[in-house]
Amino acid sequence: MKTRVLSRVLLLVLIVSMVLALVSYSKVKDSSEERVLRMDIAGNTGFPAMYTTASNGPGYAIMSYMFDTLVWKDDQGELNLLADHYSVSDDQLTYTFRLREGVTFHDGTPFTAQDVKFTFDYTALHPYQWTATTMVKEARVVDDLTVEVELNKPYVPFITDVAGNLPMLPEHIFEHVADPTFFTAKEALIGTGPLMLESYDPNTSVYIFVKNPAYHYGEVQIDKLILAPCSNAKEALLAGDIDAAAGMKYVTAASLKDTENMTFIEGQSIQVARLYLNFAEEALAAKEIRQAISYAIDRQSIVDKAVNGSAIVGTAGFVHPDSPWYNPNIIAYHYDVTKARELMVAVGAIDTNGDGVAEYRGQKLSYELLASDKDVKVCEMLVFYLQAIGIECVARVADDSTVKGCICDGEFDIAFDKHGTFGGDPKYMACLATDTAGAIRASVPGGKRWQNEGFDRLFAASLLEQNQVARKELIAKCQEIVAEELPTLAVYFPVNAAVYNNTVFEGFYFTADGIASGIPFIYNKLCLISGQWQGE
Amino acid sequence: MARRVAISPALRNITRYFVYLLAIIFISFALPRLIPGNPLSFMAGDYAKDVPSSVLQQFGAYYAPDLPFTQQFILYLRNLGKLDLGYSFYYKAPVAERIFGALKWTLLLSLPGLLISTGLAIWIGVRMGLAANDRGATLLLPLLATQAVPTFLMAALAQVLFGYKLRLFPASGACTPGITASSPGYALDVLKHLLLPLIVLVISEVPSTAILSYNSTLRVRKEQYVSFAKYLGISEDDVRQQFVIKNILPEILGKLSMQTILCVTGSLFVEAVFSYPGLGTLLKQATSYRDYPLMQGILLVSCLYGVCISAIFESILNTHTRTDYRRKPNE
Amino acid sequence: MSDLWAKIGKLPPYKRLCLLVLAAYLAIALLAPAVMPYSARDFSHPPLVPPSSKHLLGTDELGHDIFSLLLNGFRFTVFTALIAGFLSATLGTALAFISAYCGGAIDTALHFFASLFLMVPELIVIMFIAVFARPNLKNTILAIVFFSWVRVYQIMRAKLQDCLGNNRVVYILSLKGNILDVARALFLDILPIWSSFFVLQCNKAVMYETTLAYFGIGDPLAKTWGKLIKAAMDYPNLYYDAVFLWYLVPPLVAVLGLVVSLALLVSGEV
Amino acid sequence: MLVLEGARIQYSHLTLSYPDMHIAAGEFVGISGASGCGKTSLLEALVGRDFRGEFSCERALLVGRDIRMLGEARYRLLSYCPQFAQNALNPKLTMRQHLRLTLKGNGLSYDQEKIEVLLERLRLSVTLLDHYPAMLSGGQKQRFVLFLCAVKQPELLILDEPSSALDVITLRDIVSFLTDLRGKTTIIMASHSQQLLSKAADQIISF
C-alpha cells in the first residue's frame, strides 16, 4: 500500500516537472532578426483574395495588403497609389490615369494599363461586391502606362468610390478564371501590394504575410505580419503576445492610455448608430411622434453611460458634426421630455385608458425594439426613455446578423443598429432616398420607408453637381429636410480607438474617412511604409 | 411481446437507428430554415453593396430557398446521397473540408479532456464513496461548487490568471501563429497551447461524473457482496476495482456516452475563450455570418456523431449486460 | 404538517442547513421589492461607483445600483428555477407514467424521442434557439424545460416500470381500474422521487439560466444573475481596482449558494 | 479464542442483552434461539460492517485483543458468513475470480488439489468455478460462500443461519463439511434449528 502511494506521488511529481519543463521551454523565443509585427483580427475573414474575402471591414483591409488601387488614403487624405496622377475631362465623363512607372506584380510581371482595362472589363462581367462599376462605359488603353475610363453619366464620387476601392487585378492570371468567387488558388493572391500572403489557415484564422521587397510606394518597414484572433486583446498586448490591437473596444483601449510603452490613438467617427422606424406603423409614420421620440431620448446620457463616452452625440440631419458637409443650423432636438409629451398630446397620442401606454388613432403605441445583443445597454435606456412619453417597447435582442437581416426585410417595429460607411462624401445619404442605389445594403431598411420628393430631388441633384459650394448648399438643404422629417434618428456616432506597443513599431494611424469605403481600423497598409520599426 | 419475436433484435436495432438517422437529417434540414428572415439578406456585410451573383447561384443550387419545403428536403437528401454537404460561401470552401478541419482540433481538445476527466472523476468518486464514516461527503461541497461555476467564467479567469498574469501557459490559440505542421517543435507547441484549455475542460467536467460515481458507489457499497468481500479479506484495491468499479460501470458508461456526445460542442465555451479553432468556434462563425450550408453541415455531422456514439455505447452496454450475468443456467 | 417537521428533523445536519439557506433565498425573493433600495430599472446613479453606504455594492456601467440588481435577481432566478424545475420534473414524470402505463407503440415513440434528445448535442440546439427564439422569460423557462425533461423521463420510466409490476398495481389493474386509479395508487411511490427530481431540476434550471444568458437567450432587460455575471464579464476593466469584488463575485456567490444547497439537499437520493 | 462479557445492544425501541461467552480454540459452538432474539444482531455487531445499533459490552476479546479496536484487521483472523448469502457474491465476477481475489487478499497461493478437495466436500463441481453468480442456484451460492470462507483458512469461522436457503440434502453436506473442519478451526454457528446444532456443535448457547 505504501509503495503504491509513493509511486503515485512520484508520478505526480514527474508530470508536474514535465509540465514545468514544457512551460519554461516556451519562454525561449526564436531570436532571429526578423522584424515580425503581430496584430489581432476579429475571427476569420475568409480567403483574402479580391472576390473571396469576407464582406466586412477587416476582410477588405486584409485583402488590400496584397492588392493596390489606383488611389488610396492615408491619415492626411487622398493620394495616388498605382496612379501617378489623373485628370478629369470637363464634362466629368472621362478620367485619364497616368500609372506609376516600374510597378510589378508579386510574380514579377509588370503592371500596365492593360491590367487596369482588364479589371474594369472583368468587374463588369463579375460584379464586385465592394463597389459597383456599372457607371463605367468603357476603359481604354492609351499607352502602356495611360488608361482612360469613360462613364455613362457623370458620377462625382468616382475617385473615392471606385478608383479608391477597386483593387487592380493581374490580367495574366484572371483572364483564365471563369468564376472568381470560388477561385482560391495561390495565384488568386497575386497583386501589387506591399505584402504577400505566406500562409492562411482557415481553422485557426491565422494570416501570415511577408514583405514585398519590390514594393513601388516605398520600403516596407517589417519583414512579416502575423494576424491572429485574440479573445482578450488588452491582456495580450500587455503580455506582448501582440504588438498592436486593432479591434479593441474604445473603453478598453482608453484604459491603456497612461500605460508605459503603449500609444493610444483615437479614430475619426465614421459610423452611425441609429433608430430605424417602420413606416407601416401608423403612429411611427406621423412626423410629430418621430419628433417627440427625438426629444424624449437623452442621447448625451446614452453616450456617457451605455458606450462610456466612446461616441459623439447624434445629429438630426444625418451628417456628422465634424464633417465639412455638416449644416449647423438644423434643429438640435435637445433632451426635453415636456416638449416631447406636448408633441404627443398635440398629435392625439394620449393615454386614454390609464395603462401607461398612449394610443394613437385607437392603436396602442406598443412596439418591439430590435437591437443587437451587443447593444443591450442602449436598448435598456431607449426602452426607459420611450416609456416616459407613453410608448411601450418590448426589447428583443439578437445577434448582429439577425438584426441586420430583419431590418433589411422590414421585419421590425423599431430597431436600433450600427453601420459604417458614414464618412467623407455624403453620398451615403442615398439610404434615405427613394432610389437607394449607391447605399450599402445594411443601411436600407426593408418594408415601408420614408419617402420625400423634395429630398429625392435635392439629393439627386447633389450627385450630379460639380461645383463644391453649390453641392454643399444642396446637402445642407437635404439635412434640413431630414432634421424636420426625421426618417431615422441618429443616436450617436461611435469613435474607434486602437492601442499599440511603441517599442515595437511606431506610426500607426487611422485613415481619413476610413480605409477605402470607410473601414475604421488601423490596418492601413501604408502605415507599414511610413512607420518605423522600433524593436531590436 | 410474442408477436414481435419474429423480428430479430438486430434487425429491430438497425431499423431504429435508421429512423434516428432520418430524424437527425430532418433536424439538420429544418433548424436552419426556422431562422427568421431571408437568408440572402444576411450575406451582405457591413460595407458591401451586394452579394455576388455567382455566390447566389451556388447557394440557390444547393439550398434552393425558393422551392417548396418538401422539394427542398428532397434536394437535400439527394445531395446527401452524393455525400455533398454543399459549399460554404463564407469560407469559399467545401463544407465537409471546413468541418473536418475544425473537428480535428475539437477532438484533440475534448477527447483527452474526456478521458482524463472521466478517469479522474471515477477515481475521486469511488474513493469518496468508500471513505469510512461518510467522510467522503466533505468533498461534495467543493465538487458541487466547481460544477456550479459557469464554464465560460472559469475559462476566462484561468486565461487571465495563468495565461496573461502568470504567463505559465500560452493564453490563446491552438499553436503559435507562424508555426506550421512542418516546422520543428510543432507537436510540442500544440501541446503547450492545449494544456490550459484542457485543464479548464477537465476541471469543468470532473464534478458531474465524480458525483455520479460517488452516488453509485454509495449504493453499491451497501450491497452485501461488498461487505462479504471485506469479510473475506480481499484487498482494498481489489474491492475498489473488482467489486465497486465493475458494478458502477454501467451507470458510468451511460454518463460517458452522453459526455462523449457532448464532446463535439461541449468545449464550446472553452474554445470561445481561448480562441481555440474547434467546431464550436466554427458554428459560431457560421451562425453569425448565416453561412447556411455550413450551419446545416455542422448540425448534421454533430448529430450523426451523436447517433454513432450512442449506438456504440449501447452495444457495449448490451454485451456487458448479456455476459452478465443475469442469465440463469437453464435458460 | 407535523409529519413534515419530523422528516426535517431526521435529516442530517448539513441538509437542514441547506433547507435553511433555501428558505432564506425564498424569503429574500419574496421580500426583495420591499428591501430593494432602488428600482432595478433605475439607472440614474453615477456609473461605476465603488461600494458605499449609499450603494452597498456600488453601481454598474449604466448607473444601476448593483445591490438592487442582485436582490432583483433573487426574484427572477428563484422563481425561474422553481417554475422550470416544477414543469420539467412534472412533464418528465407524466410522460414516464404514460410510457410505462401504456407501453407498446406509445412507449416506443416516447422513448425514441427521449433518446433522440440525448443524441443531439444540446449546445448546438441552444445556439440555434438563440438565433430564432424571441427572448423573454417564458421562452427561457420553456428552453430549460425542453432540455431537462429527458433525464427525469428516463429514470422515472425505469422506476415506474418496476412499480407497475408490483402486486398492488396488478391488483388494481385486475379490477379494471383506469389510468387515474393507477396514478392514484402510485402517487405515494412517485412523490418522493418526484420531489427529489424537482429539487434537482431547480438546480439544473439555475445553471441553465446562466448558460442561456451567456448566449443571449431570455429577456434582455430582465436582470437575472446570469445576465449580471455576463455584464460583469463584458466589463473590460473587471480585474483592475478590485471591481470584480462587488461586480462579479456577489451574483456568482448567489448562484453558487443556490445551486450547491439544492444539490446537497438531494445528494444520494436520485 | 473469543471472550464476550456483558454484551448489550440498544436499538431505538428495544434493548437486547446477552449471556457471557467464553469460547476456546478449536471449539464448535452453536448459538440457538428463536427468530428475533438477536442472534444476527450480535454477530453483526461483533464482526459485521453494516451494523446500525448501539453495541456495548464489558469485554470482547478475539485472540486476546479487543475486537472493537481491531477494525478491518479482524477479517485476517476470522471468516464471517452472513445470513441470506444470496447476494454475497459479486454479479460481475466468476467464482474463480472470487477465489483468486480471496487467496490474494490473504496472501495464500492457489493450491489446485486443496481446492478440489474442498469443493468436492461441498459437492460443488470444479466447472462451476467459471460460472457467474446468476448462473448458480441458491444452494450452490450458499455453498460457494461457505467455500470462500473456508478457503482463506480462518482461525475463527462464524456462520449465520447457513441453512436458510438449503434443502435437507445440502444441509447434510454442510454439516459434514463443518464437522470435518472441527478441531482445525473454531466455529460459531447461529441457527434457530435445534436439530442442526445438536448434530454438529460441541456446545450450545441459547439466548
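By written order: A, B, C and D. Residues from 1 in each chain.
The criterion applied here is as follows: a contact is a pair of C-beta atoms (placed from the backbone, for glycine too) under 8 Å apart; a residue touches a chain by one contact, two chains touch by 3 or more.
Note that the structure is a prediction, hence the values are computed from the model and not measured.
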(request) Taking each chain's centre as the mean of its C-alpha atoms, give the chain farthest from chain C. (result) D
(request) Between A-C and B-C, flag the pair that has more C-beta pairs in contact. (result) B-C
(request) Name the chain with the Cα centroid closest to the overall protein Cα centroid. (result) B
(request) Find the geometric centre of each of chain A and chain C from their Cα atoms only, then give the gap between the two centres in Å, rounded to an integer. (result) 42
(request) Would you kindly tell me how far, in whole Å, the mean C-alpha position of chain C lies from that of chain B? (result) 24
(request) Round to the nearest whole Å and give the separation of the Cα centres of chain A and chain D. (result) 85
(message) Roughly how far is chain B from chain D, centre to centre by C-alpha average, rounded to an integer in Å?
(response) 50
(message) Could you pull out the residues of chain B that touch at least 2 other chains?
(response) 35-36, 156, 160, 287
(request) Send over the residues of chain D in touch with two or more other chains. (result) none
(request) Please list all residues of chain C that touch 2 or more other chains. (result) 131-132
(request) Let me know each pair of chains that touch one another. (result) A-B, A-C, B-C, B-D
(request) Please name which positions on chain B make contact with chain C in the complex. (result) 16, 19-20, 23-24, 27, 31-32, 34-36, 137, 140-141, 144-145, 147-150, 152-153, 156, 160, 211, 215, 218, 258, 261-262, 264-266, 268-269, 280, 283-284, 287, 298-299, 302-303, 306-307, 309-310
(request) Quick one: which bits of chain C touch chain A in the complex? Just the residue numbers, please. (result) 41, 43, 47, 61-63, 130-132, 134-136, 216, 219-221, 236-237, 240
(message) Using the touch definition from the top, list the residues of chain A that touch chain B in their complex.
(response) 1, 4, 19, 22-23, 25-26, 36, 38, 43-44, 46-47, 51-52, 54-57, 59-60, 126-132, 179, 181-182, 184, 199, 201-206, 208, 224, 226-232, 235-236, 238-239, 241, 399-402, 404-406, 408-409, 411, 419-421, 440-442, 446, 517-519
(request) Would you pull the chain B residues touching chain A in the complex into a rising list? (result) 35-38, 41-55, 58, 87, 90-93, 98, 101-102, 104-105, 156, 159-160, 163-165, 167-175, 177-178, 180, 188, 191-192, 195, 236-237, 272-275, 277, 285, 287-290
(message) Please output the residues of chain A touching chain C within their complex, sorted ascending.
(response) 234, 249, 251-252, 255, 304-306, 308, 373, 376-377, 379-381, 383-384, 394-399, 402
